[in-house]
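Alright, structures below, take your time with them.
Next come two complexes, and both contain chain A; in the first it sits with chain B, in the second with chain C.
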Partner chain A sequence: MQYLKLITLFLKANILIELEYRANFVAHALVSLGWVSVTIVGTTVFFTQTDTIGGWTFYETLVISGMFTLIGGFIQMFLQPNVQKVIEMVRLGTLDFVLIKPVNSQFMASLRYAQLFSGVDVIAGGFIMVYAMGHLGLTPDAVTLLLFAVMVLMSMVIVYSIWMVMATFSFWFVKVGNMTELFNSVYDTGRFPVSTFQGVLRVMLTLVIPIAFITTFPAQAILGRLDAVTFVASVVMGFGMFVFSAWFWRFAIRQYSSASS
Partner chain B sequence: MLNKYLALTRSAWMLSLEYRAEGLVWMMTNMLSIIMMVVWMSISRNRSVNGFSTGDFVAYYMVGLIVRQFASAWTSWEMSNEIREGSLSPQLLRPIHPIHRHVTANWAEHVMRFVLLGPIVLVVLILTPDAHLFLTPISISAFLFSLLGAWFITFLSDYAIGILAFWTSQATAFTQAVYGLRTVFSGVLAPIQMFPLVIQNALDWLPFRYMLAFSNEILLGQTRDERLLFGLVIQWAWVVFFFILTRILWKLGVRSYGAVGA
Partner chain C sequence: MAYQIEVSHLSKHYQVHDKEPGLAGSLRSFFARKYRVVKAVDDVSFTIGQGEMVGFLGPNGAGKTTTLKVLSGLLYPTAGNATVLGFTPHQRETAYLKQFTLVMGQKQQLMWDLPALETFLVNQAIYEIPRAQFDATLKELDDLLDLGPIMKKQVRKLSLGERMKCELAAALLHRPKVLFLDEPTIGLDVTMQVRIRDFIAAFNKRYGATVILTSHYMADVTALCDRIIVIDKGHLFYDGNFRALIERVAPYKIIKLQLERPTTSEVLSQFGKVEFSDGLTAVLHVPRASATESAARLLAQLKVEDVTFEDPPVEDIIREVFAVNAASNPTAQE
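Entry: the complex of A and B
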């Protein structure tokens, strides 16, 4: 209950900040839309030369593009700003002020800030998926929608965990900014079905940096071709990574001696 | 002037040695090109796509890595920071234009990255059986010349955007927008030949193709003779255009500049 109240409070503070810089908000929202069109053009160009990529048709791939845009928006909205802040606080020693608060420190460190204009991407991603589904003539039933919701939730939990682990590394390494860059560039593979990639690359994108769980598998769910194994694997992956990231955070906090003391 | 450049280059080189590891990670951010290459390879596995075989795609993107490495600029980020924080002010007092420090910093990074990237590209090109380059004295010298043009266009246009920070705090949003256009139309997503004809014709006249794809095409032997000459003329016309533009913008910008730190 207390946590829910805090989330509302954080959100309010973030909205106030954004309202302060309205021109900035508009400019960035427009840039976001620009990148969405880059994603779509990028997908379209391939399909002017071929009918399928990795066995997926144009509109099916567009569903993945929608998922890619949606999760990308989620990353930029919540994960990027908070993780950047954690890295900065560890460097400056101001993380102490988070640690002494009477709430879970990981909650506080990972949900305090939000870059609201990235919500544009989340919405645009949703639209792309609805549009593509319309062209495919698919109307998902309640079960499919439920499965999809779970898959999207797991997708978010997985990216959240990856970003938290990266943030936690900042307790030992100063240059974690590079690591997030690295993740962003690998995340780019998520625009395409994982079946596009062959051999080692595909195994890596499924198991090491699980991009497949983030975009391809949820798209499969809404298209109604999710098999039980993939579903169970997603849930296990989501829970497993979340538990690990929480453990890793607590482990790091215990090791942590503040820069300011 | 030459002495000044040597001194600046030395200090920039030292700086880039300091941040070696960062350069290594930066190279990984070329992933987008690699991903696009892999996707095109998967499409062209059984048939050629608009005249491109799998080997052609490998050659195109490998040459592209080098070109993109060389024709890249991030000065607008630094500029907008320096202008906002006022650290540009002392540089304005020096007897040398601040652009020269930015140029040498840019070059030192390029050399660093080339040392890291060159061997990898070479190995991939040799190991890929049908990745052929079109190497004649003319194509090689035209390639080098176009590379220089690509660098000028990229650096000067980025510098012009950086100068905008004198007037607006949204310069970085603008950089992003231009970067997006560049990603689509310079040939990172796809070789220009993959686009519909209308877009191809428009891109003959716009600066984007000349930042990357044009150089690739020369070394792959896809753009020759009159097309090559025509391209070089347009490319260098853009160089002149951006050169004049940055000069004018800089003059106007400095005049309207009220430094924060002053």
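Entry: the complex of A and C
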């Protein structure tokens, strides 16, 4: 209840902040549309040379592009701003104010800020998916939609956990900007089906930095191509990574308390 | 429970790495860092009763902030114990977190782009303050700090003093029983310092809150605290009545003179101890007890353009304390 109220207040605060900067909204919407076109054009260019990549047709791949844009928007909207803030708070020492509050510190540190403009990308991602699905002549049934919803949730939990772990590293290495840059370049591979990649790279993208779980697998779900193993693996991956990120955060706070001055 | 805050043999050591100067030094410390143990707090003990206001004094890096952070549960003690309100701070129990507050003059918790009121509302939810109590407390804080016109303006548009008022309000909405105030008046002009000081005194009186205050400004401490704790290099040097300490180590006032005519040190020395004199300006130390009388005599006999009376700066007093202690024993208790 307290947490729900806090989320509402944080959301309200963020809306107020965004309204302060109106010009930013227009600029952001334009940038966002630009990126969406880049994604679509990029995929289209690939398919002028071939009919399938990694066993996926153009419109199927477009579903992945939609998922890629949607999660990209989610990252920009919630993860990036909070992680940046955590890094800043560690550097300035204002994290102390978070730690003395009678509220879960990870909750406070990771949900406080939101860049709501990036909702544009989330919506655009959704549109791309609906458009591609239309061309494929697919209308998902209730079960498919439910599975898809779970897969998207897991996808979000997984990226959230990755970003939290990166933020947590800032307790030791005050500058972790490079790490988020690295993630963004790896995330870029998520605009194509993971089956495009071969050998070690594919294993890496499934298990080490699980980009496959973030874009390819949810796309499989909405296309009705999800197998039980992938579904269970996603749920396990989501929970596992979340638990790890929470443990790592607590561990870092303990270290911070015993090491800093 | 006899005491609200009990600290016994508290130590906090931590490792820092030294960077050698220059590029070569940077490279060397990138590959093989040299660590050194800093004893930020070393075997410090004291107790504080309910409603007491205690001033922490000491130069930068003395261990004041570290002690406050241990008491706030932000740092684990390396050795020794700290208990506040019966809780062990670093366990960070919700019941404890709801009963104290920490204000750091150099750091802010207010949301920069929004009016302070928004932060107040967030804190209301965080501390689960019932609506009626929140309104009542906010009203009282408004009376004391005159928040009305400022709490609805974006924080980034406030002056430093206005922001500090809002910081204090945000930190006190949950009516904490224990206040840790770390340099709450830093950077403020004199009027605003007085304002904040009066507020702290009023809050202490109204709610019977226990206050630990650190400050660089002697006036903050003299106005608010009967008792002071002097810390340097992690050691506790003095714990006791402030006035008694001043009487003991600095029983004088400082008179600064701007004279109309050149006057020799010999003439000036009949009014007090001459610390400095270049003919037209002079600095005298006069005994506290007879300060008024010396000043009156001085003004009657000399042509004075300007005169100011000052207390010895806190740094000097602390230096005296250290000098006295170095000569006798390392920790003095009164």
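General observations
Throughout what follows, the second predicted complex is superposed on the first by the 256 of 261 C-alpha atoms of A that agree within 3 Å, B and C clash if a C-alpha of one lies under 4 Å from a C-alpha of the other, contacts with A are read in each partner's own complex, and residues count from 1 in each chain.
Throughout what follows, a residue touches a chain if its C-beta (ideal position, glycine included) is under 8 Å from a C-beta of that chain, and two chains touch if they have at least 3 such contacts.
All values reported here derive from a predicted model rather than from experimental measurement.
In the three-chain model built by superposing on chain A, chain B fits alongside chain C with no clash. In the superposition on chain A, A:50 contacts chain B only, with no contact to chain C. Look at A:134: by the touch rule set out above, it reaches neither chain B nor chain C. Between chain B and chain C, an angle of 90 degrees opens at the CA centre of chain A in the superposed model, to the nearest 10.
By the touch criterion defined above, A:97 reaches chain C but does not reach chain B. By the touch criterion stated above, A:224 is placed in contact with neither chain B nor chain C. Note on chain A: of its two partners chain C and chain B, the one contacting more of its residues is B.
Once the two complexes are laid over each other on the shared chain, residue contacts for A:197 go to chain B alone; chain C is not touched.
In the superposition on chain A, A:186 makes contact with chain B only, while chain C stays out of contact range.
By the touch criterion defined above, A:41 reaches chain B but does not reach chain C.
When the two structures are aligned on the shared chain, A:31 is found in touch with chain B, with no touch to chain C. The gap separating chain B from chain C at its narrowest, counted between C-alpha atoms of the superposed chains, is 8 angstrom. The part of chain A that touches chain C in the complex is made up of residues 2, 5-6, 9-10, 12-13, 16-17, 20, 92-94, 96-97, 99-103, 108, 254, 257-261.
Contact residues of chain C toward chain A in the complex are 12, 14-16, 38, 40, 65-66, 69, 72-76, 90, 92, 94, 97-98, 100-102, 104, 107-109, 111, 113-114, 118, 121-122, 125-128, 154. Those residues of chain A that touch chain B in the complex are listed here as 23-24, 27-28, 30-31, 34-35, 37-38, 41-42, 45-46, 48-50, 53-54, 175, 178, 181-182, 184-186, 188-189, 191-192, 196-198, 201. Those residues of chain B whose C-beta lies close enough to touch chain A in the complex are 21-22, 25-26, 28-32, 35-36, 38-40, 42-43, 49-50, 169-170, 173, 176-177, 180-181, 183-184, 189-190, 194-196.
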